[in-house]
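These notes open a run of structures that come right after.
Across the two complexes that follow, chain A remains constant while its partner is chain B and subsequently chain C.
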Partner chain A sequence: MFRQLFKYRLIGTLRVWQILFWNLVFPLALSTFLYLAMSSIMYPDPLEALPIQADNALVADVLKDVEFEGVKMYTLEEKADPRQAVADGTLRMYVPDESPPVIVAQKRGVDAETLSSILISVDRAMQAVGEIMQTDPTADPAAIVEEVASPTSIFTDSGEDSKLLMTNFFYTVLAMVCLGAITLGVVNVYETEAQSSSMGKRLGIAPHNKRTFLIPFTVASLLFNLLYAGVALLYINFVLGIPFGENIPAVLATIVVGSLFGLSIGMVIGLLVKGSLDVRMNVGIGLYVFSSFLAGMMSLDVKQLITLYVPIVHKINPSSLITNTFSSLYYFEDLTVFRENLLIMGAMTLVFLGIVWFLTRRNQYEYV
Partner chain B sequence: MNTFKTYFRIVKAKPWSFALPILIFATMIGLFMAATKDVDTDAVRINYAYMLKDEKPEGFDDLVAYLEEGGHVYPVEEEADLRMAVFDNVADFAFIVEDGKFTAIPQGPPEIRFAAMHRVQQFAGYRALYDKYDITDAEEKVDTLLERETTIETPTIEGKQGLVLLRQYYNFTAYVTLMAVFNIMIVVSTVFNKQEFLQRVMISRTPYDAIQRGVLGGHLVMVALVFLMIFGGSVLLHGADVVFGEAGLKMTLSFAIYLLCISLMGFFLTRVVRSMQVGTMITNVVALGMSFISGAFVPSEWLSDAVIKASKVFPMYWFLHGNELALEGSGDYWKSILVIGLMCVVLLFLIFIADFRKTRMAAA
Partner chain C sequence: MIVEMKQVVKRYNELVALDHFDLEIQKGDVYGLLGPNGSGKSTAIHSMLALLKFEKGEVNLFGEPMKPNRYDLKARVGFVPQEVSVADELTVGENVDYFCGLYIKDKNERKRLVQEAIDFVGLEKFRKFRPQKLSGGLKRRLNIACGIAHKPELIFFDEPTVAVDPQSRNNILEGIKRLNEEGATIIYTTHYMEEVEQLCNTITIMDKGRALITGSNKELKKSVGIGDKVRIQDMSLSAEEQELLRGNRLVQQYDYKEGTLDVMLDKDAKVLHFLNLLEDHDIGYGEMFIESGSLNDVFLEITGRELRDHV
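What follows is the complex of A and B.
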């Protein structure tokens, strides 16, 4: 019987083209849009020298030599009306000869703040030289300036390679594919309910326990979702070039546990929400899209808010759990986060499956 | 009139299709606004995370207090958490303190790392320098030195902070309203497009186009309600002084025209798509796709030139761009309004063509 039901569940799932769309086509389209929106920030251009003007000769001399990670940060220009040039956009910033320093810019932002940091370090260094020379007239002003003016001298190199930014967005999409199993779980339950579908009526009069039907249904759905997740993983990794780290078995394990987690949630929704298949599906889809929103799919600020102020939601939100597991596998070799998250997902899956077991028993007495 | 009444009966009869999305969207707007409420136009704030591997170096608490003036500072205990803090966007810059030395985690945009490292270095560097030369009252003198700051002069707009938040609100609601408007239209139109309904229309004295006018009227009233909800939300969240100022009113006008444009898009969609499921699929792909590549979810500076060029065919781009121009007080704002207006005209023309064909088919 298992083989028969398993086979027909596979065929049945294949025929529901909406599932193919929501669980595969939609996430692939979404990851493509994300890639288009973020490719320039994921692969940031190297620092570009910004055109600026400084009236003070000493400041200009310092600025022309400022480098960060081997790249010159400024090119010095001379405009007749520098304030107007800033307004026109031909000059990025203008530094008049004043102390403490002043910057004229079109808008505040990282560029203005960075220049501000450099100017104030020169200004403070000059003040410090004056202070130290009063105590120790033999001190070497150049050495003092050298000691404090280099913006990164206090830090040692960690020797790590920089990782790609913004991968979180793509991990939420893969998490969404895993949680797409929710829709399969909803369909599984719907198909076994005698009051909902003709398949349910047939199964209802069969001389078997209803829960035994759910097992082949669940295995078939899980296989389907793993197939969808596998295709999505290949697309995101190889076509879009988003890395998942070296530990591929752990990534695959996350997908398996995440899909089973999604299936169990879907079956609980299918049992608890009454109404047509559309209504139940909409609740399931709404849940996993909202869960992905909380995990930072649309804004990393939302993820930050949840992490800081409602950490418990961050710890149990299905999409956050799967996303964080992928992140941990990419960003560091330590498997603590991976193990912890898999344990939470496993425990929650068992709880949901327990609920399914209990509710299916009750439904059997009520309707058949 | 009967069609108009039927429209709202359908809405009333399908609470799951309307109440649940509205609840989810309202929560999303609330969370998004709460998450971005700290957006500050006056300074770039940097959040730090650090891990102490051994004893605190001397003066470390003072350093933390100094860094907290320009952002949040989070201590973490595990190296894994330190990296997660950067990747979760909780911290912009993370460093390890061991044996009195600082090791930066090389993650994050280079400009932010530069600014963050500089701030740490300034404090710790001057403390060490003044101690080295035995300067009397070193701590106080370093504090005085660090109080000297650069002034950044920019063109000022009154109440800019409030306007930035209003722009964030409208930008995010651009996605939410698109989803809401399309969904409402698709659910209702699916009922009107049912075979049983069309058969009744064929034997009724009411012509097909009169019924469609009633449906369009219902859509427009529904869209007006959506506008009032979003507009009411903007006044509640940002205050009447921000919303009714010149830039605030410009953003509201821009939103109204954008809403009209996406309503026409939705109406056109219901002319060409009969199935609710297909309509929902198209809605999700269009809404999320348009939002990502037009810059509703991510800052427009993140988008490449090619993506910006491509997104110019969408009304959402012009709406978001118009909000930016309204914030800057630029005269080009009206150009963006004109483009959305032109898109409305094109959509009306397309709807007319689609309806003309259907009217002829119904008459036949």
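What follows is the complex of A and C.
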């Protein structure tokens, strides 16, 4: 019996293109659009080393080593008339040996601002060198500059921060795939109700308890959702290059619990919301879209506001729970957040399944 | 007795859907529940199948009280709902196998039964088709195959010919007769009285949740005094001849207008007697149409309303 119902549930689900579209194709397309939209932030165009000239040897020495993601930012030139070279464009910027630092450039802009901030750091470092050398003449000036200014690391860290923030969107998309199981849960319940669906009428007079149908339906739906989530994970991770950390078993556990969580929510909606399948589906879809919105899929500001002002919502919002679990696996080596979130999701899933068990037990008659 | 309903009462708020409803169905019956829409036919079926909770009375199937958890009784029952209830995403073969599998565990036996059901409804050519590729009539046949594949002893047909073309309708009715000949007891609800007359050996006419009258087709007509109807066109009757016919004991109802004579004969009278009457009095007649009294006349006689008016 289980095998029979399970088999046909799998075949049936596979052939409904709407489920495939909304639960897999749409999230993949969404993540692709997000990727394209954010790739300029996450992966800016490779920099070309800018031709500059610095009269101060120490400054020139620092600038020639400044890198962004392994690419040198500047090539040091030596022009006879550097101001003229800047004017005719053969030199992008010129740094005369002056303190406070001065930049000669054709126009203000990102390049000039970037160089300016580096020079300020170097200038401060050089002042520090002067002070240190007065008290410790044996100190290595280059090492002090390296330690105090660290101009290379300033930009690298800044880029990584942007990237890390952007990954949250992709974690939310994967959470959305997990919560897509809500729609499968709604359909599972609806199709076992004789008063709602014609299929349910046949099942209602079959010689079996309603739960006999719900269990294989749920297992089949879970399997499908895991497949969708697995494909989405592989796509986001390997094709789009979004990192999920090293703890693969924990990522997979999050997907399994998240999908079961979604299914259980869907079944409760299916049982409690009365009306046509469309009505119940709209409630389910509305819930998971709103949940994803609160988790920051449309704007990270929303997530931050919710976290700040309504932390309880952040703690129990399904999409936030799944998203945060993925985030925690990437951001922290410590698994405390992961365990805590998984525990909350597991507990809520059990509560929802309990409600389903109770309601299907109570509703002996299909019509009242 | 296969099915027994005793004094069943079901209310939907103020509306009484079943009003102390009684029913007895014997093994081997083709039992028709006839009534206008809203008369309580579906409510009666849902009560028999324990899909519905009723306020009062009792329902027994195969001599046992029917409850939602009487899976042993449910296993002996088949149901063909009014709307086509199949999985759109499964093929014809898969659908029949799926629903048969709810009753039959053994794979080989199920395979045989599925094949028999598909052959029975003549869908072998369409085995790999999905329902949306089938015509309305073929979908109805699939609907039947899904309900009967497990060879139930008792089969409920809830208006299975609604919106079906005449050819498919005949196929369906023939199929139901064959199922009965093979030993199944049939419960058939419809508002098409012709189908009930053609198919059922016992009929209950329902209205407003009550069983108005129960019996065979002939018994019902006889009980309310319905005889054959005769129409003769292009007939010229003198006043004396009109008076003779109007007052004759063979004629229950009489109408003569513009050369057309319509009479309803007494329930015990034969058309031949009426023809003899005309010939005995040298009354000439031309083309004649004879129509037996219908169940609509029975319904009209009992309720004062036309069954067709409510369909």
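In the analysis below, the second predicted complex is superposed on the first by the 244 of 368 C-alpha atoms of A that agree within 3 Å, B and C clash if a C-alpha of one lies under 4 Å from a C-alpha of the other, contacts with A are read in each partner's own complex, and residues count from 1 in each chain.
As a convention for this text, a residue touches a chain if its C-beta (ideal position, glycine included) is under 8 Å from a C-beta of that chain, and two chains touch if they have at least 3 such contacts.
For clarity, every value in this text was computed on a predicted model and none was experimentally measured.
Of the two partner chains placed by superposition, only chain B is touched by A:279; chain C is not.
In the superposed model, A:203 lies in contact with chain C only, and not with chain B.
Touch criterion met: A:108 reaches chain B, while chain C stays clear of it. Of the two partner chains, chain C is the only one touched by A:15; chain B is not. Once the two complexes are laid over each other on the shared chain, residue contacts for A:50 go to neither chain B nor chain C. Put simply, more of the residues of chain A are touched by B, taking chain B and chain C as the two choices. Contacts of A:194 after superposition: chain C is touched, whereas chain B is not reached.
Chain A makes touch with chain B in their complex at residues 18, 21-22, 26, 29-30, 33-34, 36-41, 44, 47, 68-69, 87, 100-121, 123-124, 127-128, 131-132, 135-136, 139, 144, 147-148, 150-158, 160-163, 165, 167-168, 275, 278-279, 282-283, 286, 289-290, 293-294, 296, 298-308, 324, 327-328, 331-332, 334, 336-337. Contacts from chain A toward chain C in the complex involve residues 1, 4-5, 8, 11-13, 15-16, 194, 198-199, 201-209, 364-368.
Partner chain A is touched in their complex by these residues of chain B: 16-17, 20-21, 24, 27-28, 31-32, 34-36, 41-44, 78-80, 83-84, 87-90, 95-96, 101-112, 114-115, 117-122, 124-126, 129-130, 133-136, 141, 145-146, 148-155, 175, 276-277, 281, 284-285, 288-289, 291-293, 295, 297-298, 302-304, 307, 310. Contact residues on chain C toward chain A in their complex (touch as defined above): 46, 49-53, 68-69, 71-72, 74-75, 77, 79, 81, 83-87, 89-90, 94, 98-99, 101-103, 105, 146-147.
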